[in-house]
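Two complexes are shown next, each including chain A; its partner changes from chain B in the first to chain C in the second.
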Partner chain A sequence: MHPARRGIRSRIGTAELAVATVVTLTAALALVFFYAPLEAEQGFLQKIFYVHVPLAIVSLCGFVLGGIFAIAHLRTRRAVWDYRSYVSIHISLVFAAATLITGSIWAKGSWGHWWVWSEPTLVSFLIVFLLYATYQPLRFAIEDPERQARYASVFAVTAGAFVPLNFIAVRLSTAYLHPRVLGSTSNLPGPMALTFLVSLVAFALLFATLCSFELQMKRTRAHVRALRRRLSFEGAASRAATSSRSAAPRLPATAPRSGGLA
Partner chain B sequence: MAFLLGVLPALPLGKAGRYVAAAYIVVFAVVLIYVAIMALRLSRMERELGELAEETTVVEAEAIEPLVEETTV
Partner chain C sequence: MSAETATPSRLTDAPGATHARTGAAGARSMRAVLPALLRKELLVELRTLQAVPGMSLFALSTFVVFHFALNRGTVAGDLAAGVLWVTLLFAALLGVNRLFVADADQGGFDGFLLAPAEPGAMLIAKALTLLAYLVVLEIVAVPAFGLLLLGPSLGRALPDLIWVLALADLGVAAVGTLVSAIAVQTRARDLLGPLLALPLLVPIVIGAARASEPLLAEGHVGHPAARWLLMLGLYDLVFGLIAYALFDFLLED
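== the complex of A and B ==
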C-alpha cells in the first residue's frame, strides 16, 4: 500500500477511536450523575469510584501490556515493539498518577486522611507507580539506542510480571480498609454495575486513543528525523539535532506502520 | 441545557460534592495537560517540517541550476 494511503488509514483509525472515546466518556458521565443511584453508606462521595477504579484497572493492564510488547521486542528485535511498550507504559504512568490523586481525594472524604500507610492496597499501588517512574530515567541513562531498548524491555517484562503478583498478594492480605471492587462487582445493583462498566470502557478507549495518538506522533517524528538525516549532508547543525540524547525509543524510518497498539 | 440546569441543583454539592468535583476535575486536568503537551510537540514538528520543506526547495534549486547553465551553454 502507498505510504500516504497508509497514513490516511492510520489517521482515520485514531480519529474513530477519539470519537468513540468522547461519546463513551460523555455517556459515562451522564450515567454517573443522572442514572446511577446514591450508595447507601458513602452517598455522593461514592461517585469517585466510577473514575478512580477504571483508571486503576486500565493503568495496571497498560503496565502488563507494556511487558507483553517488551517480550515481543526481545523475541523479534523489532524497534516498533519497543515503541509500543514505551508508549503503553508512558500513558499507564499518567493514568496511575491520576489514580493516586483521585484515590487520595476519596480517602480524605471517606476516612478523613489523604493517605493511610497501613493500607496494603494504597501502598502496593504506590510501589508499582514508583517502580514504573524509574522507567524513563533508566532509558535516559543509556545512550546507545540498541542497549536502551533491550534494557528497557527487560525492565518492562520484570515489572509487568510484578504487577499481577502484587495484585494477588494484596488481595490475599486480610487487614485492609480499602473497598474490594473486583469480585464484588457482581453484587453491585444493576444501574451501578452498568455505569461502572461504561466508565471502564470509556477509560480503556481513552487509553487506546492516547496510545494511538502518541504512536502516530512518534512515527511521524521518526520520519521527519529520517528526512532531516537525508538532507543533513549540507549542514552539521541538522546532524547534531538528530543525534541528541533521548529517553524515547528511536524508530527506523522504514519501520512498519499500524493504526493502533496491535 | 434547561434540563441540565433543572437537574444540577438536586446534586448534593456539600462536602462530598467538593471532593467528587475535585476528583473529576483532576482527571480531566491530567488529560488536558497531556493533550496540551502533545499539541506543543505537534506544533514543533510542524515547524521542523516547514524548515525541511524550505531546505528541500533550496537543495532542488541548487541541483537544477547547473543543468540550466549546461543547456544555455
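== the complex of A and C ==
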C-alpha cells in the first residue's frame, strides 16, 4: 500500500485523543477553580501553578522526546522519525513559550517583577527556549531535504542532552542564593496534588493531540503532493515542491529514502 | 586497508557501520591520520593567520570597549570574571565560525571523505585545533586583561585560573567544533553559528565565571568551589561524547 495512505488510515486515534483532551482539560480546570483549596500565602494567584508547572514539564519531556526520535531517525534513516522529532520540538517550543509567559505572570504577581533571575527553572527555560528557537532557522538554512533532516536530528540530540545539563548548571548557580518558592511539588497537600496530577495528564494529552494533528496534517499534505505529482508532469511537480516555503521536513511522496547517497 | 576498498564501504554502508570498523584497523588509521590532519590544520593557520590574530585582536578591542562601557579603570571579583569570560567567549566564537569554512568552500570535506580515515579523526583534529586557538588566545588575552582592566594582581590568581581556563576550553572546543560543523553547511553560517553556540555555552559561562570570581576578587579570597570545576568537567565529558557520537552523521555527503 502507498506509505502516505497507510499513514492516514492508521491515524484514527486523533479524534479519540482530542475528546480525551477536552474531557481531562475541563476536569482539570474544574478541579483548579472549584476543588483545590486556596493557598495560604499566595491565595488565588497560586492557581497559575496548575498551568505553569504542567506546561513546563510537558514541554521539557517533549524536547527530550524530540531528541529520542532524532536518535531513531539517525539510526533508521526513516523520514517519519525526523517528522516526529520536528513535530515534538515544534509543539514543545509553543509550550515553552507559554511556560515563560505564565511564569512571568506568576513572578509579577508574587514578587512584583515580570522577570526574576533568582528562579532557576524560569531562567533555564529561557536558555532552552533560546536554543530551540534556532531549530527552525537551522532547517530553513539547509536546502537539501536529506541533509536538512540529518542536521536537524544532530541538533535535536545535542539539544536534548543539553536540557538536563543546563538545568543542573542554572540550579547550581542560584540554589545557594535564594530559597526556592515556585515549583516545589513534593510536599503538596492531597487535594492540591490530585489537581496537579489531573492537570499534568491534561496537558500531556493536549501535547499528544496537537502532535497528532500536526503529524496528520503533514501526512495529508504529503499524500496530496504525491497524488498531484502522479497527475501532473514531473517538471510541474518539482516546481510545486520547491515553491512551498516551510522549514518543516517533508515526507517523501513515494518510498522513504534509503540511507544511500545521491 | 587501501583507499579503493575503504571509500565505497563508508559511502554506502548503513549509519553506524563506521563504528563497527573501529578496532585494530580503526585505531591504526586514527593514529596515522590524526597527526597528519592536525599538522595540516596548524600549517594552514600558520600560513594564512586568519583565526588566531583576529581572535586576539578582538579580545583586546573588547577590553577597551568594556573600559569605556563600564566607565571604570579597574574591575575585580564578579565583574572581572564577567568581563573576562564574555570577552573570551565572543572571541572564541570568531574562531568557531572560521573552523570549517575552508573545508566547506575549497573541498576539504570531499578530500577527507575520499581518504580511508575515521570521521572521528576529523572531529578530534578540529577540536584540538580549536583548543590550540583558544590557548593562544588566552596567552594573549589573559595577561592583557591583567594589565588593562584587572584591579587585583593576576599572578596570585593564575595557578587556579589555569585549571578553570583549561576545563572551559575543552568544553568550548567540543561544542564549538560540533556547532561549527553544523553551521558551515547552512546558508546563514555566520549567523547560525553564534545563535546555536551561545545558549549551548551558557553552562560553561556559569561554571567558569563563578569559579574565577573568588580568584579575581580583591585580596584573592580563595580557591574556586569544587562544584564549578566538577560541573565544567561533566559538561566537557557529556559534550565530548555527544560530539564524537554525532560527528559521523555530519560528514556523510
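Convention: the second predicted complex is superposed on the first by the 211 of 262 C-alpha atoms of A that agree within 3 Å, B and C clash if a C-alpha of one lies under 4 Å from a C-alpha of the other, contacts with A are read in each partner's own complex, and residues count from 1 in each chain.
What we mean here is this: contacts are C-beta pairs under 8 Å (C-beta built on N, C-alpha and C of every residue); 3 or more make two chains touch, one makes a residue touch a chain.
The structure displayed is predicted, hence computed values, not measured ones.
Of the two partner chains placed around the shared chain by superposition, chain C is the only one that A:166 touches, whereas chain B remains out of contact.
By the touch criterion stated above, A:143 is placed in contact with chain C alone, chain B being left untouched.
Contacts of A:98 after superposition: chain B is touched, whereas chain C is not reached. Contacts of A:153 after superposition: chain C is touched, whereas chain B is not reached. Judged by the touch definition given at the top, the superposed model places A:47 against chain B, while chain C stays out of reach.
In the superposed pair of complexes, A:130 makes contact with chain C only, with no contact to chain B.
If you check the complex, the residues on chain A that touch chain B are 33-34, 42-45, 47-48, 51-52, 55, 94, 97-98, 101-102, 105-106, 108-109, 206, 210, 213-214, 217, 220-221, 224, 227-228, 231, 234. Taken together, the chain C residues at the contact with chain A in this complex read 11-12, 14-16, 178, 182, 185-189, 191-192, 195-196, 198-200, 202-203, 206-207, 210, 227-228, 231, 234-235, 238-239, 242, 246, 249-250, 252-253.
If you check the complex, the residues on chain A that touch chain C are 74-75, 77, 127-128, 130-131, 134, 137-138, 141-144, 147, 150-151, 153-155, 157-159, 161-162, 165-166, 168-170, 172-173, 259-262. Chain contact summary for the complex, chain B toward chain A: residues 7, 11-12, 14-17, 19-20, 22-24, 26-27, 30-31, 34, 38, 41-42, 45, 48-49, 52, 55-56, 59.
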